[in-house]
Each structure stands twice: as structure tokens, then as C-alpha cells.
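Structure provided below as C-alpha cells; questions to follow.
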Amino acid sequence: MNFSSNRLQKSHISVAQNASGRNLNVPIYRINDGLPGPTVYIQSSIHGAEVQGNVVIYHLINALKKTRVNGEVILVPNCNPVGTNIKAGEYTLGRFDPVNGTNWNRGYFYDESMVFKFADNIAQDTDANDIKIAFRNMWRGAIQEKLKQPWGLGLAQQLNLRLQEMAVEADIVLDLHNGPVSTRHIYIPEYAKAAAKQFSIPHCIFIPNTFAGALDEATFCPWWTLQQTLSEKFDQQYDFAVQAFTLEMGSQEVIDFDEGKKDANSIMGYLACKGVVDDNEYRPADIQRIGVYLQDYKTLYTNFGGMVEYCVKPGQRVAKDEIMAHVLNIDTLDSEDGKKHLRAPCDLIPMLHFPSASVLSGTQLYKCFTNYFEL
Amino acid sequence: MNFSSNRLQKSHISVAQNASGRNLNVPIYRINDGLPGPTVYIQSSIHGAEVQGNVVIYHLINALKKTRVNGEVILVPNCNPVGTNIKAGEYTLGRFDPVNGTNWNRGYFYDESMVFKFADNIAQDTDANDIKIAFRNMWRGAIQEKLKQPWGLGLAQQLNLRLQEMAVEADIVLDLHNGPVSTRHIYIPEYAKAAAKQFSIPHCIFIPNTFAGALDEATFCPWWTLQQTLSEKFDQQYDFAVQAFTLEMGSQEVIDFDEGKKDANSIMGYLACKGVVDDNEYRPADIQRIGVYLQDYKTLYTNFGGMVEYCVKPGQRVAKDEIMAHVLNIDTLDSEDGKKHLRAPCDLIPMLHFPSASVLSGTQLYKCFTNYFEL
Amino acid sequence: MNFSSNRLQKSHISVAQNASGRNLNVPIYRINDGLPGPTVYIQSSIHGAEVQGNVVIYHLINALKKTRVNGEVILVPNCNPVGTNIKAGEYTLGRFDPVNGTNWNRGYFYDESMVFKFADNIAQDTDANDIKIAFRNMWRGAIQEKLKQPWGLGLAQQLNLRLQEMAVEADIVLDLHNGPVSTRHIYIPEYAKAAAKQFSIPHCIFIPNTFAGALDEATFCPWWTLQQTLSEKFDQQYDFAVQAFTLEMGSQEVIDFDEGKKDANSIMGYLACKGVVDDNEYRPADIQRIGVYLQDYKTLYTNFGGMVEYCVKPGQRVAKDEIMAHVLNIDTLDSEDGKKHLRAPCDLIPMLHFPSASVLSGTQLYKCFTNYFEL
Amino acid sequence: MNFSSNRLQKSHISVAQNASGRNLNVPIYRINDGLPGPTVYIQSSIHGAEVQGNVVIYHLINALKKTRVNGEVILVPNCNPVGTNIKAGEYTLGRFDPVNGTNWNRGYFYDESMVFKFADNIAQDTDANDIKIAFRNMWRGAIQEKLKQPWGLGLAQQLNLRLQEMAVEADIVLDLHNGPVSTRHIYIPEYAKAAAKQFSIPHCIFIPNTFAGALDEATFCPWWTLQQTLSEKFDQQYDFAVQAFTLEMGSQEVIDFDEGKKDANSIMGYLACKGVVDDNEYRPADIQRIGVYLQDYKTLYTNFGGMVEYCVKPGQRVAKDEIMAHVLNIDTLDSEDGKKHLRAPCDLIPMLHFPSASVLSGTQLYKCFTNYFEL
């Protein structure tokens, strides 16, 4: 192939300022061959310790450099430079703002009433494409308006809105995350269930159309709500073809170039299904896929504090009553009680477990698929 | 006076276990003269660095030892031993769980639908006192049920529910807090506005009947909702006489015995108004009180990072455009820009400001009364 | 065998108080059959995140319950309850006091001049055993004196001295640690080199008789210095048979019962060599052992910040110029520079590496054996 | 006056890289009129939460802009951008590296043996100025050599050496610090005792010529040792006129422009005494000055944990047995023990106290002058 030399563009945006008054910048990579097609937005490391997505973006750029792109792909690695740089001991305190505990992934904009008001004003035979353009303009404007509030906004929200300002342009949004000690899994909105077979990820969580603050929800909730509202109003199907997913690419605090290549291939397979890349090289893998509905994705908390051995691996099928953890009790090392057991409350597959042996009571030990099914 | 020797009882409850497997206990002080009257529940330090309330409880116990109590007063100092003991540098990281960022004051139980269902089942002429007993029994049961969930609960929620199990018995709930660098103020539910003049606290924030997770809301929302529902259903007034307040007793990270005595007197004045103590010694002070509605209690965030001099004091009246902060810019110390100004966006009274000079962009610099009024 | 029912005794000592004013206790297990023999002191988790030693002590107690003990074994698990309970994010900030940065393992007592003064006062033909008793009495007294200082002592030093008060009675001291991500290794004083073959640990670091603050040094430095001084003074060999070691039992933040059993067996093998247990069951394993002198145990720091893939495993032999780490550069993901290499400066064996992918410049990436040799 | 337009130069150096791979820069301001005179090096905020020195440098630059400079003044504000930007809760964890606990002010270079070796090679009648130049060249070279170590260096040490590379050129070094809650005081090497009256700082600590890792010591120890060695060798007085001081400018976490102006004036007074500025405007203030020798500058630790009211102010004279602190005991609020006292062990003046009410046992409550004297 013969590519234009400027099809890959790099720029930076400032998303925050630190206490020294310096801008904290995020790199933006855009690949565009001037061909029609969807806009794809991919970010990584909104949670600062979840760094593997940056490697995935490295491999995605390498792959996209060698293939034609229909539409545009925007890649934003290390999108939260604050979170990545807060060390507490040897680890990274990257899931929440160390000043106030705010989760870095909960400040995106969404306002359901704005969708309804917009739908109210749409006339019967308006062209779907015109609707899409008008809706996106309105939504972008609302995000920009929010950023200009005279009393200001909290850091996480400012960061989120600056990223959402880019993501709002996209038809496909992928947010790359990691779990603590974790196997690969993906969050898929129920209405886009078919996408489960377009990624090469063995575990799929189907989530309802409820906004809880994350980027995937902030992306698909407005469009899905608009579709539903217009469909009801005009008794006619609408599909604006906007999809958004949160991908969990293994464990936090780790980068692995070989694993990242596989994850990049999984994403390329999905992009091939969506017509973004027409290369035959990329296809979803032929693997077993297990699904679960969000209400069956359950957290197992401890009721005690102590030191924990995690006996089951993320991804492993566990039967009811199997031992999931041993707990050491330092005050009874001379008796049976020195080593207690914690058993599975039902058949389950753990997706992730807590990354430290030392736990207080009320610690989230495991997150598990229950009532899971094959896809 | 001649008091029974066992009118003041002390016990402990365990609210959590640490990573060594040891129980973390909270002391409970109860004062009861066997006389009829309301039950009062007072806790302090749910946010671990907000320690002044413990001194207030010390003075309350001393005051209550010398006066007759109608009903019962339950005092729970240092109610969050986890939060108080998490040091990060010289300070206490006490506002949220250091593991996951969860605010320690947002996990109390509330379920509006349970109120409606309960009201549905109430027959027309049921005695108001019987309703109160039945409702409290149901609510207590729901809290206890929640604590028994087979998959467990997060630490903050477990802690909150164990405290709420005691608070649910009370007619009056006072939750003692502090701001970062703060003047005294109080959160008052709009329906209990009269209480503003029963405390000796100069700044009053009136909050609507919306549950946002804190103990005061978890206490008054069910009762207020029940009153409203029954009043509408039977076209008749109900008043279950349950009140709950969050009191902000000055600045965190500080204890001051003299100031604590004044705060204790303020609370004794309120308790005298409610008939809990009949001593003539305690009355609300004759002071100026300023009020604000919650929607006018505004946060001023920075849009920049840097080093900040706070130029106005909590409690001070500030006119629009007055300088509220100077910001040092280390890269332009040789020019005018080395010292920038931040001005008041409108007339306001700051209640508190951030406790550190070093701020990132998006830091909550001040929380301010705007559109305030005299009471 | 027929054991006395009270040969295993459990007690607790308080080593600190938290901000709630509560004692923080450490459990002490003692096993004694009333038979002559050395006193052995074993502690674990002085660094709070290094928890595997607690499992080793669990298995040691189980093993010692089934075998006769010559002398006494004192086991002190979770000896630093402060360190184990400081969470910062999901991990444990256990290596240093979060208030002031003091390493929890650097506050033990040692005063070389006291040894010299003591030796000065010893007459020629004093019985070696009498010398040992007198010296131990003096040293114990000095520790106790230090703990009584009218101006008080820092927390780490108080904790260390309270543990050393017990360890000072012992002839054999084992301090159980972990590295970040680590293979098993042991610190052995040069004068006790023979012990290398008595443990079943593949990597041995020989350290000189220099006090740097740790418990092993605080234990053997006084005795070794006394031996040297008296030997010179009287031209006669002295051997007080005191030995102390720091054992690194794999990685921090993890407990593993099966691995802990192997480590316990390794220690039992050493105790069998020293005659503490006469069971034939325990012997040092027949494994390859690699040694290094402390000056050749080198730390490899980064000169850059970034995200790091650790390409070599602890324990693996690495040749000069082999790639040890890949570094991702988020600003150059579109070029070769996106993935940089860090190469081995010489032939080496890494013992441990940093546990997080996100590193600032100046981070200790690896600690490595260089100029190593077979034992 | 008529100043050259380029007498004030600004540049930046990079002292570290963060986990995003970005350089962390420090601004350098230099004022030079091309006139002979000493070189002065002033840095601030090596401890990240001690920010007031940055304001002092702001005022120093403003003052120096208006007056002629003999020699050169180099000003380095916010010299530790890592430390200033590590937030843990609302405060700044700026005293030590959050990864490993290393104090940011203990990694400067000093090697006594190098001084002796240098002195050995000096011939009798060598010109003092030539000695000074040769010695400085050697020392600078050693610092640069250290920075080039093939195995790298720790972050704090890298940072310190990069700053020391500039400071080594200076005849006068001022390191601007703050205490936790603190009154103004200064560390003065015993040999430069006369300087106590050249600053306008009421409390002076005289320190011996012992290197403990800080910048002031790293600056004056080599020169003082060289002077002593040459003086003994040649029986002749040498004075290389190098002085270095650590100035404690009040409390951390606070900036105050008005106070900073006074501190800048104090420094200008000293610089006037040293002939750097010849303006008559600046003179040491006529104030009472109190001195103490380092061995009498004592730390008062607690032996208990609890919540502390600090009853005496930094700078206040306290008599033996006066109450210095009240301690609240949450488990005994119903008895006298609820409020315990901590008394002064002797006559003293506290310089600073701990900034949080919540303390564990072993916390440094106060640092105090004892056996103090008027200057």
C-alpha cells in the first residue's frame, strides 16, 4: 500500500495543571486516510495504575500504520497524567483523586432531560443523519458549556469533560482498563450484544442503559435514549450506530508487550467487523465466550480482616462451596483456626481478585460471574 | 441533685477488623435517668481527621453528668477508628477509605420505596405512636438484614450500618463534623428550619429532603417522607418529631478544649429546647444567624494549579470582585504574573477553605454562602 | 512422642498505641521442653507488606508441635501491626512509617563503644559463659534504659527496641522478610558463612560486620565485635555462638501456604544443624547455592521515568547486554522510540524487581548479584 | 539606578522524569551586574510542602531588581517538583519520597577523605584563591562523576546532586525550609556564629561541622574541613569565606505574601552585611536573638497515642512542668482520665509542633530549645 505521509498526526492537549503550575499534557494520535467511515475514539489509563492499555495503543498504532482506515481512529494513551503519577509506596494510587477520593472515571457529562427535550423538537420526517449531526452538536455544546462554569469544576470532572469533548465526535468508543489481578473481560451495553462476538475476549458483561458516570455509558446512553424516544414517538426504528465499550485488559501495575499485541489484534478484529479496517488480516478469534448480566456480576466481600491466600485464579470455573481463600489468623497460629477457609457461595467464575494479601473487613476480595451462560 | 450511680453506662461495639485480624472498637456512652423523653444519638469523627467533635462529646458528658436527662442520650465518639488511624505523612487521610476512595459518610441505608409500601399498609385511624413504633421496627430490621448479606458489604457501608443500627432508635441525631479550615456551620433540613434558632451556630444551611447518603439524611428522610405520604393519604398532619443535623465544629486536624466547651453548650441549648435537659442553665445564644439554601451554597474551584494564599477568612463577608486568593506562579516570579489574583464571583461568605497552599487545577478552594439572608 | 501440655505458650506484648489511644499488640509464641539448648528468636513482617513470613511461622509452629525442642524457640509473627495496617490504595505502605519515612527496620540499638568498654573490664581467665551472661545483661539493660528516655523515642525505634528486648536473649535470630517481586535469598554475616549450607535457600549475600540498623546486624555485631576484641586482647579464640540472619521469602503482598511450608522446612533444617531439633526429618536440601559479597550486590536504577516491562525473572542468569526491561514512551508510540530497551551492564542474576510498571526516574528497577560464585 | 536589561536571566533545568516520561523542570533565576562579589545560591521547597520560601524568593527577586548586585545571586524556587506534587488527601506528602521514604534533603554529596587527599597535595605557599578554585573544580567534578554512575542513582540523590551542581559554585548558600507548625529559626554552623546577628531571625541553632546529608552541611563541611586541615598543616589561618544556612520560615502548607516580604528583608540584610547588595536600605533588625547548641535542641515524643491539644505556641517560653499538651482519651471521657496532661520536662522554648491532633505513640510532638541563651 501507498500511504500519505501525514495520515498519522500527533498533538497534545492539556488536561490539568499541577501544584507547580505546569500543564499536564496528554498525547493524541489520529489516523485518517480521508475515506468515509466511522470515527473511533480509544483511550487508556483513565485509572492511573491501569497501564496495559497504553501498550495496546502502541500495537494498534503499529497495526494501523500498515492498513487503510475508513473514517478516523483517535488514540489517547495515558489520558490521566495525574493518576499515573501519584505514587503511594511503590504502587500507583491511580483509581481515585488522592485529594478527595473521586473515582477518575465518574465525571463525564450526561443529562437525560436534554435528550427528551431534543426529541420533542424533532419533526416527523427529519433525516436520520441530520438528527445525528444536530444531536452531536448540541451535546458537544453542553460539554463545552459545562467546562466554562464561572465557579469552576472539580479536577476529575474537568479531566473527564476534556476527554469527552473528543469522544463525543466518535461513533465507536473504547475505554481500555485493567482489573487489580484480573482476567480479560468486556462491558457491553445490552442493546449492542452482537458485539460480544466481534471482540476476542472470553468474558462479557452485559450492562443496561443506565448512566453511572463512566465514559462508555456517557457515550451510548444519550444515543440509545434518543433512539428509544424517537422510535416510540414516530413508531419507526432508529439506529445511530454509536457503540461504546469498557475493555478490561488483564491486571493493573503491569505492562506486557506480547499480551498487548493480542489485545490489539482483538480490537482490530472488531474494527474490521465495523468496516473501519478492510484488511482481511483481522478477524474475531474462534473462542468460547461466556456472558453474564450485570445484576449477576457479584462482588464477594470479606466480613473479617486478615491475611488472605487467593486459591482460585481469575477465569477459573469454581463450584459452590469450593475453597476460594485461606485466611491466616496471627493470634491462633497454634490451632486449627490459624488457617480459615472462605468458600464459594454458588457456582461462579471470578474475573478479578484484590491485589494484596492484607485486607480489612469489608474488602472486595473477588468479583465473580454467577448465572453465567455461553454465547 | 442526687443521681443514680449507674445512669451513665459505657460499652463498646466492634465496627471493623484490621489486616491483623483485630477488632476495631468504638466506645458508646449512654445517659439515662429512666425518665420519659426523646432518644438522642450523637456521634463524632465519622471523617477520621475531624476530631473536635470528640472534645465536644467529652464536654457533653461532663455537662450531662450534672443534669437530669429526660429520655436517653447516646454518645459515640471516634465512631470511625479506621479513618482516624490512616496517616499519610503527618496528616490523617480520614475523609475516605484509602483503599477505594469511598467517602466514610455515604453508606447509610435508605430506601424510599419501603416508605411508600409501609404507608400503603397503614389503616386510617392507626395511632401515630403505633405507626412510629412499627416504622422504626421495620427500618431497624431492614438495616440488620442488609448487614447479613451473604456476599458481604464494603467496609464503609458496614461501618455506617452498624452506627445507623443505633441511630435508628433516636428521635434526635447529631453528627459532629469539621471542615478543612472552617468556621462553625450547621446543615438543617428545610422542614426543621425552626431548629436554626435553637443551636448557637451562626451559619445555617437549609437542605431539601433528598437522600445523598449522609447520616442526617438517612435519619430524617424516611420520617419526613412517611409524614408527607401519610398526610396526603389521610389529609391530616403527621409529625413524628424526628430531627437530624450535621454540625460543622470548626477545622479538622485540631482539638481545642475551650472551643469544644462552647460547642457543647450550643448542643445543650438545643437539647434544652427539646426538653431533653430541663436545666435552666442552657439556652440558645442571642447571636446573629445567617441562612442559605443548599443550592446557594457554592463551591469555588480553581482552573489552574499553583500555590495559593487564602486572603479571606471563613465567616468573613466578601463583596463581589474582592480578592479571595493570591496565586504564586514559580515560572514568572520576575514579572507581574508571579502573583495572580482570584476574585469573588459575587457577594459571598466563605464557610471553609482548602487546608493546603499547594493546589492542582480543579481543587475546591472555598465553599461559600451566596444569596444568604439573616434569620 | 509424649509432650507436656504447656510446652507451647502464647502471650501478647503491646508495641505501640494508635491515634484512638488503643494498644497495638503482637502475639508471642514460645516452645520449650525444659531441655538445654540455644534460644531461637524468629520474627516476621517488620515491614508490613512482607507477610509471607507469618505463614512460615504458622508452619514452624505446626512442625515444632511434633518434635522435641532443645532450648527454646520464640516466634513473633506480624511484629509490626502499624506497618501491616497502613493501606494506601489497595496496597500496604509497610516499609516505612507513613508519618516521617523512617524505615521500620533501622531503629535497633547498637553502641560499639559499649562493647569496647565491656571488653576492657574483662579479666584474663574469665569463664566464657560468664562473659556471655554479663554481656547479655549489660546489653539488655542498655535497651531498657533507652526505652525509658524522659523525652521519649520515635515510633519505629520504640517498636524495634521492644522487639530487640526479646531478641537479645537469643543465640539465633531469624528475621523473615520479602522483596517486592523477588526470589528467595538470605543475608549471612561473613563470619558465619558456613550457615549458607544449612539453609535451603539458593541465593546467599555475605555481609560484613557493619551495623546499618537492621535486627540481624543489631544481633550479631555486638557479639562478633566482642569476640574480636577479646581474641585480640587475650590472644585466644572466643566464640559466643550467636548468629543472626535476614531471610527473604519471595514477594511481598502475597501469602502462599504451600511455599511457606517449604520455607519452614528450610528453617527446620537449619535448626536441626544447630541441634535445636534433633529430629532426623529435617536436613538442608541438596541444591545449588550461589553467593555474592555485599559490595557486589548492586542496585540498577533508571535514569528515565516511564512504563516498564520487566523482561527477566528474579533468579534468572542474565548475560551482559541482554535486555532487562522495555520502556514504553507514550509520546513516541508512532516511532521506534515508543519501545526502548534497558540492557544488563554486566553478567548478573536479579534477586528482585520493582513491583509497579510505572516508574519515575531514579527508581530501583532491579537488585542484582554480580561477580557471584557457587558455594 | 540604570540597570542592564539582561541582568536578570531565567532558565530551567530538568531534575527528574515522571511515570509519563515527562521532564520535571525547575526554574533558575540569576541576577548579575557583572560586578565582583560572592556567588549566592538560594533554593526553596526541597521539602515539597514547605512552600513559603517560594514567596520569599518572589520578594527577593523584586528587591534585587531594584538594587545593584556585587557578584551573582542564583534563585531556585520549587526546587523539588516531585515532592510538591505528591498529594495524599488534601495535604502534600513532601518531606520524603513516597516510594521509599527517603528524605528529599539527605542525598547531597560529601566525602571527607577527598578533602584530606586534596589537602595532602597542596604545597606550602599556594595562593588561597588558587586553592579555592582547584578545590571547587575537584568537588564539582566529583558531583558530576557521581551523576554518571553506570548503575544509576536514586531519585532523591539525583535531584540533590543536580541542585548541588549549582550550589557548589556559591560562596553563600541559603536553603529555605518550613517546620510543621513553626516559628522562624535558623541553623548556623558553629564556625559562622557571627552570622546570627546578620539575619533578622529570633531563634538560632548552632550546629557542629558534622555531615548529616543536608545541603547546608554539604556546602560548608568541605570548606571548613579544608580550612582546618590546611591550618593545621601549615600552622596558618585559612578562610575561604563559604557559608551555608538552613532557614526555617514558619509553617508548612501555607504561603503568606506579607510574611514573605519580612523574610526577604531579613535575607537582604544578611546579603548587605556580606557586601552583595550595597544598598543602605537593608540592615539586620534590632531584635532579641536566642541561641542554642544542637545537642540542646531536643525532640519531645509521646509515649501514648491519642488526640492532642497543643497548649503552647512555637516561640513561647515554657517553664519546667508547665502543661504543654492535653490528650483526649476516647475510652475514658466519663472520668478525669479523659483529659490527660503532658508537662514540660525542663525550661524550654518550642520551635515547632506536630501539625495534626491525631498522633500515634512515638510521634514527635514538639522540638524545643533547652539550655538556651541570649545572643
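So that you can tell them apart, the chains are marked A, B, C and D in the order they are listed, and the count of residues begins at 1 in each.
Following the convention adopted for this analysis, a contact is a pair of C-beta atoms (placed from the backbone, for glycine too) under 8 Å apart; a residue touches a chain by one contact, two chains touch by 3 or more.
Just so it is clear, the model here is predicted, and its values are computed rather than measured.
Counting steps between touching chains, the shortest path from subunit B to subunit C takes 1. Taking the mean of C-alpha positions as each chain's centre, the chain lying farthest from the centre of subunit A is D. When the contact pairs of B-C are matched by residue number against A-B, A-C or A-D, more than half turn up again in A-D. The distance from the centre of subunit C to the centre of subunit D, with each centre set as the mean of the Cα atoms, comes to 36 Å.
Inter-chain centre distance (subunit A to subunit D, centres taken as mean C-alpha positions): 47 Å. Our note on geometry: subunit B versus subunit D, Cα centroid distance of 42 Å, whole angstroms.
Within subunit D, contacts with two or more other chains are made by residues 18-20, 22, 78, 84-85, 87-90, 92, 95, 99-100, 307, 330-331, 358, 360. If you check the complex, the residues on subunit B that touch subunit A are 16-22, 82, 88, 95-97, 99-103, 150-159, 298-307, 327, 329-331, 345, 358-364. In the complex of the two chains, the subunit D residues touching subunit B come out as 8, 10, 27, 29, 48-49, 51, 54-55, 57-58, 61, 65, 75, 77-78, 84-85, 87-95, 180, 253-257, 307-309, 326, 328, 330-331, 333-334, 338-339, 354-358, 360. Those residues of subunit D whose C-beta lies close enough to touch subunit A in the complex are 18-20, 22, 25, 78, 81, 84-90, 92, 98-100.
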